[in-house]
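Presented below are the structures under discussion, each in the form of structure tokens.
Below, subunit A partners subunit B and then partners subunit C, in two separate complexes.
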Partner chain A sequence: MAPNRHSNFCGSPLHAMDRRNFLGTAVAGAAAFAADMTQLNVLQHPALASELKKQQKRCILLWLAGGASQLETWDPKPGAPTGGPFRAIPTSVPGIHISELMPQMAKRMKHTCILRSLNTRIGDHGGGAQLMMRGRRDEPNLKYPDLGAVLARELGRRDSQVPDYVSFYFATEGRSMAPGTAGFLGSRYAPMELYTSMVPENIRRLDSINDLDHKQRAELRELLSKQFAQGRASSSLDSHNEAYQRVRGLMASDKLFDATQEPPKVRDRYGPTLFGEQVMVARRLVEAGVPFVRVARAWWDSHGQNFETHQELVPELDHVMAALLDDLQERGLLDHTLVITLAEFGRTPKINPSLGRDHFATAWSATLSGCGIQGGSVWGKTDAKGEHVVEGEVGAAELFATIYRALGINPQKNYYVGSRPVPLTEPGTKPIKAILA
Partner chain B sequence: MRIQRLILTFLAFLLGPILSRADDLLSSALPIEQAVDHFIDARLQETGLQPAPPASDANFIRRLTLDLVGRIPTLEETRTFLASSNTSKRVELVDRLMHSPAFVRHQATELDTLLMKGTRGSVRPYLLVILAEKGSWDRIYRDLMLPDENDPKLKSAAEFLRQRVRDLDKLTAEVSSIFFGVNISCAQCHDHPLVADWKQDHFFGMKAFFSRTYESGGRLAERETGLVKFKTTKGVERSAQLMFLTGKVVKPDTSKAAPPKFSARAELVKLSLQPGQRDFFARAIVNRIWHRFFGYGLVMPLDQMHSENPPSHPELLNWLARDLVEHGYDLRRLIRGLVLSRAYARESRWDKGEVPRPNLFAVARVRPLTPMQLAVSLRLAVTDPQTLPPMSKPEELDKRLQGLEASAADLARSFEQPGDDFQVGVGEALLFSNGVAIEKDLLADGGDRLLNRLRRLQTDDEAIDLAMQTILGRLPRDDERKLLGNYLKQRADRPAEARRQMVWALLTSAEFRFNY
Partner chain C sequence: MKAIKDIPINGIAFALVRVPSSNRLLFGSSDFQVYDLDLAADKSGPKVLGAHQSYVTGLALAGTLAISGGYDGRLIWWDIETRKQIRAVEAHTKWIRKVALSPDGKMVASVGDDMVCRLWNVADGKMLYELRGHHERTPHHFPSMLFVCTFAPDGQSLATADKVGHIVVWDTASGKPIKTLEAPGMYTWDPVQRKHSIGGIRALAFSPDGKYLAAGGISKIGNVDHLDGKARIEVFDWQKGEKAHEHIDDKFKGLVEHLVFHPKGDWVLGGGGANDGFFLFFDLKTKKALRQEKAAMHIHAFALDEKAETIYAAGYGKIQKLEV
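And then the complex of A and B:
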């Protein structure tokens, strides 16, 4: 039986017009230059620069740490013995219902695809987080990069002046169990982690050196190092110099992390919460060309008092996610930005004696919105009580293949670890074509 | 069969003198370094390639000191070495460094990384004890596999198993990779798709040696019986035998059900060191040690030593493995031989066009420093060389260096352990550019610090010379002197700051970050 399909609203006229304008004003084949903006000196061409930045694909991951309940969000079962107290409400897409705790997303369903059929099998926080951030589990001799590291490599530029993988995770709950990791790609693609401060570590110049000296000291370093590099071919050596070349640009990007740079109207829209502020900063970052940002919101692990927990957390998610999608769309960025909601697993349909729900990886939900996705759609189905997937079962590998494909990346692309080819997703994994735009 | 073998033997007899590279013709009495150069040069001649010239003395002492004792040389060490006209000074340097206590400490750090990378444990305390007694590699292997937790000096060897015992698949795969140079984890779910050598039987055969191992009350224990069952890709359930990588099987001795008990792990150790079985063990460590000193293995990747991935120099690997076995798995002997070879002591610069393939060893490789090498070298580089005890008082000097090593451990945690094709992350560049610890600690200018000395030197030229020699172990070239001189001159109003910035630029230079 074919999984549920609903109408698609993807591909706004705004996007089409932008693209025409862009191709009209730029020299023929300008898109080909996008890969190397420095040579074009395109940044002096504000219109062209912003257009190129828009074309670049990027991704924001809203990480619902601890495991959000699919029943109180994307896959409600009102009336079932497992359903809990909340109702389901209709959305702007006929036939799709979500929890009443998400009225704002209900109005914006056209951007979003709900996957209701995840069966990922791993039900502990550490193992589940590893699986859902990397799309697979490590092998004894091989540590895999996570989604952020892969996208940093695939969508970022080697000499980028902005970070290419930023990860917000202020809460301490679950943080050590879901670390960002570049695995075998190495520290070049490791996340810039923000755990306690909105400003990345070591991004600001110390007062003990003035700005000109800081700059010229770096130039002196580079001159000495360049002479050394002559006649010595080594990609490690190159990476060392490239890392230092990115420092000044990154330092200049510190304003991107400054929430107060946004007009009050925009800040109000995201709301006064830390999560809201971080997601707004994530939008600033992707707008400036950062290919991947994760914003973690913790702690959804509602073994007790599941309904109170979700009554508090879901409306915040609803509000912030809706604000993000609106904001991205108004800036013409939504067609190039994929927004994901994901966790290490969902929660049991069975309500335990503490009125909680426990870990559940057998039948749970995630969402994909924006770039490359058929909005207003649902993939897969669970049974009446939400205990099993009955249609369109999806594992972590298929989810990742779909994400890669939505972002224009071949899921079977090989990386090489020594001489061993390692495809981005397990051989034979197919993306879910039906939900791709 | 027999006739074929006779014909082959006869052919080999005929061809022997022609195949001058066959290892059975190269005497095992030859010093290791000569054997190395014999085989490496023979391959270079075949390809018609002239290798890079020998590294300068300054280059050599820096490379060697980093490799043997894990730090850059001191100013006095460099000056003494450069000034010596003794023709055997390189051999003497090798022997001096290898006999210093710092050699044991560095060797322990390196082997600990090999053995414990990716775990939260360390066997370094054990390695320090055993390496100080010149313990051999087979001894270390035996102690790690069959740790004696009752011996307080040696009990930290148990960490090797303890850190892995909760995941027997991981233990099986890592023992195979570390000690035998093979990665059989692909064969866990199916016969290896690319390598005919590795069947599921191999993975589960190896796992059978560990399946009875468990942890009880914080101590390692082993059951006397226990079967590993697995399903083949065709769905057939099978019981694994105690089978080594060579296919050799141990039959459990069920008659000894009561103590003395039958230990599967002890059987693995015994079997894997037997003649005819021990090639995996000997070749794997030779290849890993070679990789450490040359930056590229004779077989790459290091855990793919199987029939379909031949070594670049098969006869050399065989020769070195045989030598290691014949000399009781003495890694010191192997290391000494490697660093005395001409192949080790080549320049790392290649300006004759296309760079030769790395497996020809025609030119030295540029190798990123390990976290400890980098951190200790930084600590030493920012120390005023005149405050170090003189070389004539080696115990005092070593004590001081030990202090620097201890204070470097924290800094070392900021750096990543390099693997093949290591990429420096921007986090490191940001740390050096704006980190408080770098500024307040490494670039401090009081007491015994280099900057304290530089601050008090009269001329910029003196400051440039001392900084270059202390940090990079060489005098500046003319263009560098000019470049640095101009930098300082432009900041004549703030000479102390200017010299601090110069030191920063040298510490963060690529030349400092790598062993070249």
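And then the complex of A and C:
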């Protein structure tokens, strides 16, 4: 499947465009059609090459809602009083060990950087989820966009006919605490939230209108719109027309969400669970040009029977994440797609009487794999019991700056709310250069 | 009930056996150790008998031979007089959840999350049978768990039970299944809110006459983040394949982790807990709870003395001796 099969760019040099549109559309066309790319010689033009590099980048966020335990995944402490019963196993990268519950990811560690030193301080679900979805806390009068909305804006194409930000969150627990939000960027970058159906609802043509009728209505609207636009220059008009284009694109994109379009061999690879199916569809979406997909796997909030909960959920994560990385790599997408595992927080080293672990934001882990990341690496360190960060402490802002930089986005880029400049990450925040490729 | 002695420990004691007619206990812990504790003579606290490589969750005692099982998948034989390890066997490919001794002391059974029960010759450590009758996956495609096994008083039958509430009774002479029973009320799968499961049968005990088989666990749970379901005991007339009674406790929430019948069958005692602990005395004749007592900790295992007047309990951070 071509990465941008929905592109309408014809490649004609006769199209008069401003530079921004030219760049965006040329890149879109270039990504879809190698022949056109050669004709445009786009890669030899630094500005175009840079734009192409940026626009090809994608991100899949595996959101481990409720808070996965770092001790049962990426930062095991076998033998410590807090370590729990699972062993640590060596990975394909000498010196890096992860939980025995993740044998498949252990073989693929070359793609992944583990950040073991998150200290994000907020230990309640709602506050933690907002912080880790947005990279910062809202101000009283300013609601920030989350990662998906920023990436939709930065990596999405203006003429895109696929959604820019898709979020799967089927479990009901915690959903209202971690909604996707475009904040001050506005509804253009709001997520397409899928809660109950794998295919977006209300995007199919009404049964009462046949296909021909539908096309003719669209053509009539386009004709009237063009006539109205003659002699007028208006961003509102552009936006209006763009919205119609996007709607038509979305209506044609329902097959992107259809897991049955994948061969049985690919479906088997991701496994029989809902999470596996959704991550496979996320791969379909990024392959088709969707810049950001969140797949929420809820609910990891293991206050009771932490180890048994993780015996269920970690092997599933291990299997699905490994399948995703393999699939992306085989399709040539891994270098352009950043895969993140993240939650609102981790879990306490202390094991409670119900054999559970509670909320813990003081020393926990996330991972970054693929695009722009130095795989086979570990950043930061916790102490022997996993109670404190002892090296390389990372906050939400540093994590987000690193994510943006990995995707070719300047973390200090300003958006403007009115006349107020608002940088993507808090002023002075620096990405972790050591883990960037 | 009255606590006579409290012994604080590091970690969680998951398994306990008592040397008959004594105050000497062996227990297995979350610090990977097997401990020897004489409540009558030893004022210095538990002494290490030996170690596994993970949580120690099963113990059986045959004369001076103790057999421990752990999450490292190993069974280890110990001589409790010489305090030496005799042999170690790689018994299961996943966690060993429980071990049980046959009434004649000649066989030991182990169950693990590889969903197999294995019978072993106590004398030489040779495997006698592999009993396979539990599914490796839950109906929702997740790994299942085989939590518990216990012998019938005549030693001719052995029962095993798993996470989804499936019970198999086996003929120990042939290694063949005799009967299957179901207790689905012990297992909760949350398909909507949290999309994972909790529960399972954690305890089994045959009545002294061998007629009844009691199973312990937790009732359906609304919020599977916590052990937030009512403690549950189901009693089967197992040869008929019928459930004789179902007790859903009205006072305590949590798992029933261990069950022991009174030597004469007057009552069955369950111990367990969630963040707190409890003891439940259940009368099979009246089908009512005789007593519901709060325990000092989440109970994982306990033993009764010969007269059923004293309880030796192991659990979260503590070993305790109580008068009934």
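The definition used in the following text is that the second predicted complex is superposed on the first by the 365 of 437 C-alpha atoms of A that agree within 3 Å, B and C clash if a C-alpha of one lies under 4 Å from a C-alpha of the other, contacts with A are read in each partner's own complex, and residues count from 1 in each chain.
By definition in this document, a residue touches a chain if its C-beta (ideal position, glycine included) is under 8 Å from a C-beta of that chain, and two chains touch if they have at least 3 such contacts.
As the structure is a prediction and not an experimental result, all values here were calculated from the model.
Novice: Per the overlay, which chain contacts more subunit A residues, subunit B or subunit C?
Specialist: The partner that reaches more residues of subunit A in the superposed model: B.
Novice: Just checking: does A:S187 make contact with subunit B only, subunit C only, both, or neither of them? Give me first, second, both or neither.
Specialist: first
Novice: Just to be sure I read the superposition right, which of the two partners does A:Y415 touch: subunit B = first, subunit C = second, or both, or neither?
Specialist: Touch status of A:Y415: no partner.
Novice: Determine, under the contact definition given at the top, whether A:F170 touches first (subunit B), second (subunit C), both, or neither.
Specialist: second
Novice: Applying the document's definition of touch, where does A:P272 land relative to subunit B and subunit C: first, second, both, or neither?
Specialist: Second partner only.
Novice: Looking at the overlay, does A:E312 come into contact with subunit B only (first), subunit C only (second), both, or neither?
Specialist: second
Novice: Show which residues of subunit A both subunit B and subunit C reach, each in its own complex.
Specialist: Dual-contact residues (subunit A): none.
Novice: Enumerate the contact residues on subunit A facing subunit B in the complex.
Specialist: Answer in residue numbers: 139-143, 163, 184-190, 192, 200-206, 208-209, 213-214, 216-218, 220-221, 223-225, 227-237, 239-244, 246-247, 250-251, 417-420.
Novice: Inside the complex, what are the residues of subunit B that reach subunit A?
Specialist: Against subunit A, the touching part of subunit B is residues 118, 167, 169-170, 172-174, 177, 183, 185, 300-301, 303-304, 309, 348-351, 355, 365-366, 368, 416, 418-431, 433-436, 439, 479-480, 483-484, 487, 491, 497, 501-502, 504-506, 508-511, 513-514, 516.
Novice: Taking the touch rule as given, give the residues of subunit C at its contact with subunit A in the complex, in rising order.
Specialist: Residues in contact with subunit A: 10-12, 30-32, 53-55, 71, 95, 113, 140-143, 145, 192-198, 225-228, 254, 273-277, 297-298, 316.
Novice: Flag every residue of subunit A that touches subunit C in the complex, lowest number first.
Specialist: It comes out as residues 66, 79, 81, 85-87, 170-173, 271-274, 297-299, 301-305, 308-309, 311-313, 315-316, 351-356.
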